[in-house]
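Look for subunit A in each of the two complexes below; its partner is subunit B in the first and subunit C in the second.
Presenting the complex of A and B:
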């Protein structure tokens, strides 16, 4: 009889295979660990730190931590939720996230994870950075105010689309997403609307044009069910595309 | 412009278009032109087959690389707290006034730019600056006046007084590591005589642990690396001595370079490496020529190259890679990224460099001091080393001592020495606090001076900054917070954003606008950063704040505003943009704002 390897997530036994991270195994078992920069289609990144879990007394990012026999993982205590809430609040004040005016409101992973962790206000002092909107592309707009530096578009464009349209420049708080084109504008880049990079953005930074406000409030992705049930923006986009095919 | 194209093309053909040499190419272009011109980037992009935007990403990551020309003279004042204590700020003001420029802005004639940079490792002979990458120590008004003249006269650096560029070793106390240099080749002979298993055994018995501060057992690291199956293994010497207040590697690289190389060669022989790198921080560019000469002499003496010391098949050589102003590259996985010519973002761990390091191959990364110690242990034996020090920490430690004392410099002590003893030896009086292990280290108040320098008590890479009773410790905290904010790589949220929030709050305390609530907020942010950051930088960045909140609460309390509410922003400062747009600066365009400063303790209730 084969003995299945398991670890404990909030007391539940989660089976895993060699090479799995905590996140991989949890997602497969239908357990939700809040995350933003993680997308199972890409190599783990570990930058947003929203998927922080407590493992035997230490805080680790679930998306990068290899699963191991006997680990005791805390994914839902108030203590861990508080850590995540603070990290999310940092992301909110770093950029300019004006939910009521955002086309993505209701279908935004940042907003949905914030609701999930019961974040009620941004709490910290806003940085109000001066960032631009680039509408030079005929089919896609990018609003840098909402970028959270998850690098999913960078990874998708590099690894799937093979176009290297996006990149990160700067350092520290000056880190920012940039476009690979002679003018630095999206319109001169190789990006097209069907690119993977367009569909993976968890927030309202990369938006398709011509379909703004199509979905009424009340019908949007996270309007009726929490993200722990609905899943990621990117996977919803995948399903949408499959349905359209 | 043709000029630039030729320069870059020649550079690239010399480096065979190797993409991992991108950072080295950029350093060379920066050094030649004082910036990285656009057409240089275009050539690099096409020859190295990299997106231009990725090359700009590298340029923007490193403080010493620029997209706009800095001018004939690019001056960077070292701005560590120890430089400030030595009065660097009035010297910066003075030079800027003489040259009629604003800090950070190139002069209109393209002659000069003056700005500041993180600690350049000359704390014992400061204040210091870098001019076109070369270190000038011992600054005073006289030197500043002369420098201003030399710049106005457009005197080439080679004609500046040689005395400006003298950096002394300044060894104040030596022990087993500094006292006897080994004969070149003797560690290599020991390896050949004993074999690598026996040598690893000797290293293990000696108890040698990594000298960067983390204290990983050296024998264990080398063994892990050796036992990882691969065609290529690498040895990397971490000479990115960036921790504020540390300068011991400067001495080792200057006067003990042969011993450093010997240690690297020993490691190479054990782990089976053919190639090694010294990652030299850009601030130590002045050591580069001598180091290259040392390497060449060793090649000439068959201590590097093919069949080293006549031993068939023992091939190993060392290249030097320059850093370009990024503290994070002292973290070993960032260092490796940087060695590969990329932005220095720390990697996910596991896997660790011993199995997946440079070019994804097994790699040993050790501190400069560790390699010197290893080489000497190979020659003099485990007992020679192990008999010195404390139970958990054998051997000696080089301390870089600066700040308020009569005799700053390098002190070598057996592990276990007390802070008290060190303070007495270096002539420190009336000491309020010692910052052990740099900005990322511990703030130790007088009542803890009985504590000792050892892995089991105060672990340190060697930085030891002394503050007397007259110093305002909040100035140290502020200096370090700005440092960490500037040096955060920006990859993870807690360090990138938390570090900036922390810096702003410390600034708020400094100007007397903070409340009790802000102090609680600082503790909270500090805890979030410590527990959730991706790498050691974010984990240690809040330490100066957390340590002083606990041990020096009065430096905060005495500055708190006695108000129920304080706006998060300065009302008057918020009008600055409007004033600039309207060109007004009259009284009506300002909001009077007088913070009420408390005396210490009043707020305790």
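Presenting the complex of A and C:
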């Protein structure tokens, strides 16, 4: 008789190990919970709130909630999907996300999760914040208009690349991503194109130069298949790198 | 959800077709071109609907309509006027395409002061002769910022895409004319 511990996700039994979050166990079982700031290679961050689920009547982020025996998790009701849509709509109006003018379009996780939740409009009033683009680095550009403050680049640069190129500064609405270099510019930071930090950005904020439209619009990761089937931007980049090795 | 009311019979007892009006505000006309991409299905459409004001009919004033399709965002005083006129006359108003839905590419000028944009285009622009900022009273005044249409009037439905594909427009029109719930398969939801 197995003594496997389980919880229920949309009625399905999901096995878990001690120390797992709801997200860890779901990912291992091949169940998709929408997410942006989560990447299984890094410690959970819990900032984007897109992985919101209903757990025994309470709304929690799946990436930070420890799995426990007997939990009933709702990951797909219209009520949960609507909340996710609202969160995504806020992310869209808070920055400047001009999909027709973005070279990441079609392979952008923000866009893909919005498609998955059937978001048809931004609903809220746009902030149209004034943000800059930093193209001072020969191989990498950063467009702050599109940054959703997921801190994946911060975590990757600090924990994997050991370079600490990125930080978040300010609080609340004033929060923004900054570059740790003497001039504050990417060009004289320690970042290099092969850094983990360059491949983890879920949106079109950190972009490798010179490859923008190598893959045509229409053939991109999320153009024909949903993110629940093809997975995250970062894992697609990993596979790409392994294929190139 | 807004529904079309049943007034399909006129005084003399004839069946009346639903009326559709379309307008292009601050867009590139791509959404109207995509609409024409429904190709020969337009013959089916004219069986189902009557066109009111639209660049397709060249009727200049919008009358009472069932459905209004708006392409483009709101960038000048005339856009505001046309949009409000459409809202007054159309039972169902639809934002069609990226510019109507979120301002789109024209809203990238919101990063700059209006004056900077005018100076860049008309004073310092490459190849400009006799530099001057146009000020003819017939030219609609530009707004400080470009806005999505839902920031100016109430919008009932949104069709994203730059442009929304002909199939997206066709699916929407068929569903709404049949009184069905508006749903799209994954392949028809795009922001680019």
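Simple rule for what comes next: the second predicted complex is superposed on the first by the 243 of 245 C-alpha atoms of A that agree within 3 Å, B and C clash if a C-alpha of one lies under 4 Å from a C-alpha of the other, contacts with A are read in each partner's own complex, and residues count from 1 in each chain.
Keep this in mind: a contact is a pair of C-beta atoms (placed from the backbone, for glycine too) under 8 Å apart; a residue touches a chain by one contact, two chains touch by 3 or more.
Keep in mind the model is a prediction, meaning the values are calculated, not measured.
By the document's definition of touching, both partners, subunit B and subunit C, reach A:125.
In the superposition on chain A, no contact is made by A:138 with either subunit B or subunit C. Contact with subunit C, but none with subunit B, is seen for A:96 once the two complexes are overlaid on the shared chain.
Of the two partner chains placed by the overlay, neither subunit B nor subunit C lies in contact with A:212. Which of subunit B and subunit C touches more residues of subunit A is settled by the count: it is B.
Residue contacts after overlaying the shared chain place A:106 against subunit C, while subunit B stays out of touching range.
Contact with subunit B, but none with subunit C, is seen for A:64 once the two complexes are overlaid on the shared chain.
With both structures placed on the common chain, the touch criterion links A:15 to neither subunit B nor subunit C. On subunit A, the surface patch touched by subunit B in one complex and by subunit C in the other comprises residues 125. Subunit A makes touch with subunit C in their complex at residues 92, 96-102, 105-106, 111, 114-115, 118, 120-123, 125-126, 128, 130-131, 217, 223-226. Per the touch definition, subunit B reaches subunit A in the complex via residues 51-54, 56-57, 60-61, 326, 343, 348, 350, 485-494, 496-501, 504, 524-525, 528, 531-534, 568-569. Of all residues in subunit C, only 95, 98, 101-105, 107-108, 110-111, 145, 147-148, 150-151, 155, 157-160, 162, 184, 186-187, 189-192 touch subunit A in the complex they form.
Against subunit B, the residues of subunit A that register as touching in their complex are 44, 46-50, 52, 59, 61, 64, 66, 83, 86-87, 90-91, 93-94, 124-125, 127, 149, 164, 167-175, 178-180.
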